[in-house]
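One chain, subunit A, appears in both complexes that follow, with subunit B as partner in the first and subunit C in the second.
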Partner chain A sequence: MYILIVGCGKAGSYLANSLSKKGEEVVVIDKKESAFNNLTSEFTGFTLLGDATEFEILEEAKIEQADVVVATTTNDNVNSMIAQIAKEIFGISKVLARVFAPRREEIYRQMEIDTVCPTTLSVMEFERAIFDS
Partner chain B sequence: MKVIIIGGGKVVYFLAKTFFSKGYEVSIINLDRDYCEILAKKLKANIICGDGSDPRILEDAGALQADLVVALTPNDQDNLFICQLAELKFDVPKTFALVNNPTNEWIFQKLGVTKVISTTSIVSSLIEQKVAVDDITNLLPVEEGRVTISEVVINNDSPVVGKRLKEVQLPKESILGSIIRKEEVVIPSGDTELLVGDKVIAITMPENQGQVFNVLLGSENGG
Partner chain C sequence: MRYIEVLKNRYRLIVKYLGILTIAVGFFLLLPLLFLVFYPSEIDHLNYFLWPALLAISLGLIFWKFGKNNSTDVILSLEEGGIIVLGAWIIAILFSSFPFLLADKLNFTNAIFEAVSGWTTTGLSVINEAETSNLFLLWRSLMQFFGGAGLAVIMLSAIIGPHGLGLYQAEGRSDKLLPHVRRSTKLIMTIYSGYTLAGIVLYWLAGMSLFHAFNHSIAALSTGGFSTKVASIGAWNSISIELITYILMLLGTINFATHYVLLRGDYKTFFKNGEIRILTFLMTFFIPIIAYFSLQGLYESLGQAWRVSIFSVISGLSTTGFSIEVFSNWNDFGILAMVILMLIGGGTGSTAGGIKLYRIYLSFKSLVWNLKSHFQPENIVVKNYIWRGEKKLYIEPGHVREIANYILLYLITYFTGVLIFLTQGYKLQESMFEFASALSTVGLSIGITAPDAPKIILWTEIVGMTLGRLEFFVIFFATVKLIRDLKLIARSN
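After this line comes the complex of A and B, so read on.
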């Protein structure tokens, strides 16, 4: 599988390392060169330096060939825009976006973008830990 | 008419003032507290300090009752999301998004934001067509810029001076609506002659606006 990851922060790089270790083809985009320091020796994919809200960068990453696109930047609106471009313009069937503000999740659903919300997930985990103990 | 403007800088300030003079009710959203305080002193607008792409902030600004949302931030992704939020969540009938990167113009349109303003495209097309901007005023976009109305002053160097309108080769999909000659308003016919000092009101499609200016003023005119 070719998986395109946008954002090489803590989450993006973790995912990239993990998927790469599993033998998937991974390309990671970040606009900061230093972000790629988060990648470990397990990572065998490619890195691309640039702003993924620029269409040309997505083209350079051969987004049209991607099986999965994951937008993991720390900016909800950037993730939303990239996810929409991947889905609506390039017709990528599996697109995931990270969204921090739970209030925005509803709109993402209306736009039919699958989301992962770290805030909601943490709260659920906290609650589970509290009530299970 | 209730308008919400998201963004900052002089454009937002003067736009808000213009809307005021038309009697509109204006709300402005900006993240910067200092900017908000300055605006609050200068304008009688409803100023909200916060992130315009946060549904709660947009609601505070009166998005549920708004007729128009104009997203003018320097970040295209924010403008896109704000307009989508306004349309999907708050049913705002009209939204405008500024795009800073001209490539995003067609992308936004493809993503359903139909009213896209690209200042880069507008300015660069004017420069490309070597248009003498000095002689052109009141560039007024109608219907989200699908038609533009502009006033062109015919000067001494204009290649059309002394010509009748029927001899002037205007591009298709453009007409000269009226001529203001000193105090008089002339509704032109094919036999109307163009004179120096005439203010010509041209109605054009945005694509051939530059061409119309070239015909009326000459392509090298001050360009």
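After this line comes the complex of A and C, so read on.
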């Protein structure tokens, strides 16, 4: 599978390392060169320096060939924009975005973009931990 | 001491990988025996290959057993990859020299020399091709085939897939074609084998027998240069065979990532590539001047001078080492021009040796950038980039420094080697030519390399070929790490 990950922060790099180790083809985009230091030597994919909201960069990353696009930047708006570009313009069937504000999840649902919300997830985990004990 | 435990565990994994590679070397040794079907008269060679093969396989199994690791989660660092690569090369070279020793064909030094020359795809030889059986000629070619592709890389990443980039970078085959090591390696092997097959067919159509076609196609593409004839390609004296050889040598010297761009039909990016540009430049510059200043007097017809010039320039620059004529009668101009070309060498991430076109190209680029910066506004911010593979590569100052260091180290080693040659009483131009040929894994010879050459010369060349092929740093940091860790382990016991 060809997986394009936007954002190489803690989550993005973790995901990239683990997917690469599993044998998938992974390309990671980030604006900052230093972000790529988060990648361990498990990662054998490509890194691409640049702003993923720019078409040129996405095309350089061969987004049109991607099977999955994951937006993991720390900015909800950037994630939503990239996810929309991937979905609407490049027609990628599976697009995942990280979204911090739970309220925004509904909008994504309407656009048929799968989301992962760290806030909701941690709240759920907290609740589970509280009531289990 | 938890660190010691961790360290021991990691070394166990290294030993395990080395075991797998040793087993692989054992199987490589069996390959020439497949050709016994065609040459049944050489059945007496069976023992020369069978015993080393069995020895390698059983030793490999012992290593593998010893290293059998409980955790597969260990990720190899670049240094550890370096230790594997270095170890694998030493094992491969030792075992590859056994057949020559068992057949009583060569003494120890010469057998090691031949094996190193094969694995490093140099092509300098201390055996007389005319008196060598087919099986041994095939064995030499096979060493070049695997040596060209990168022993550890192809074995480990294609078959078991190591955890990490360490190995990939350690063997100097670091350009990735696809965003995953294993698939990259497979693609490289497909391109490489495809070209080899095409080469065999072309040679065969041009009139070589299948045996010679097989050997020469491998030797040209791996930029190795072992021939099956004493006179090398010159033995055929055929323009069409030379033409095929040019193409194969050039293909061999071009970076695999660039091939990938070319094969997909992206010619624009192909010609933007710095290595291709400098390769074209060097060829168009040196072919005429060598023909004019050096060869005009040697050959009666202008055509012949050009023919020799084209062939020699491509052979030297691609670090292949096939020849169609001798070099001993060239004048000083031609010799020095060839020395320069050989030191420059071929492309990175190809099967070639030398300083590499990429490093030369980037050094020149950085010189131009530097000069330019003096004429630009003081506060200008420039992002310098070059084209590599299929994408832009922005150049950081640290990268340029690394390359400058490499070139310096290369030249220091080169001149040290030349000095060693001079102590043995060889002439300056001969020494410069021969050691450039060894260090850049070219394989052209001006006549110093011979079975009866002084041992010190042969060993200097052996060291030169190995350093040149593995690109120095791997050997240095692998050795340093190994010594340090062993000291630590020894102290804790």
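Everything below uses one rule, namely that the second predicted complex is superposed on the first by the 133 of 133 C-alpha atoms of A that agree within 3 Å, B and C clash if a C-alpha of one lies under 4 Å from a C-alpha of the other, contacts with A are read in each partner's own complex, and residues count from 1 in each chain.
In this text, contacts are C-beta pairs under 8 Å (C-beta built on N, C-alpha and C of every residue); 3 or more make two chains touch, one makes a residue touch a chain.
Everything numeric here is computed off the predicted structure, so don't read it as measured data.
When both complexes are overlaid on subunit A, subunit B and subunit C end up sitting side by side without clashing. When the two structures are aligned on the shared chain, A:Gln84 is found in touch with subunit B, with no touch to subunit C. In the superposition on chain A, A:Gly45 makes contact with subunit C only, while subunit B stays out of contact range. When both complexes are overlaid on chain A, the residue A:Met124 reaches neither subunit B nor subunit C. By the touch criterion defined above, A:Met1 reaches neither subunit B nor subunit C. In the superposed pair of complexes, A:Lys21 makes contact with subunit C only, with no contact to subunit B. Once you line the two complexes up on chain A, you'll see the smallest CA to CA distance from subunit B to subunit C is 21 Å.
Remark: subunit C residues 75-78, 161, 163-166, 168, 176, 178-184, 391, 394 touch subunit A in the complex. Per the touch definition, subunit A reaches subunit B in the complex via residues 53-56, 75-78, 80-81, 84-85, 88-89, 101, 103-104, 106-107, 110-111.
Across the complex, subunit C is touched by residues 2, 20-21, 23-27, 40-46, 48-49, 60 of subunit A. Subunit B contributes residues 53-56, 75-78, 80-81, 84-85, 88-89, 101, 103-104, 107, 110-111 to its touches with subunit A in the complex.
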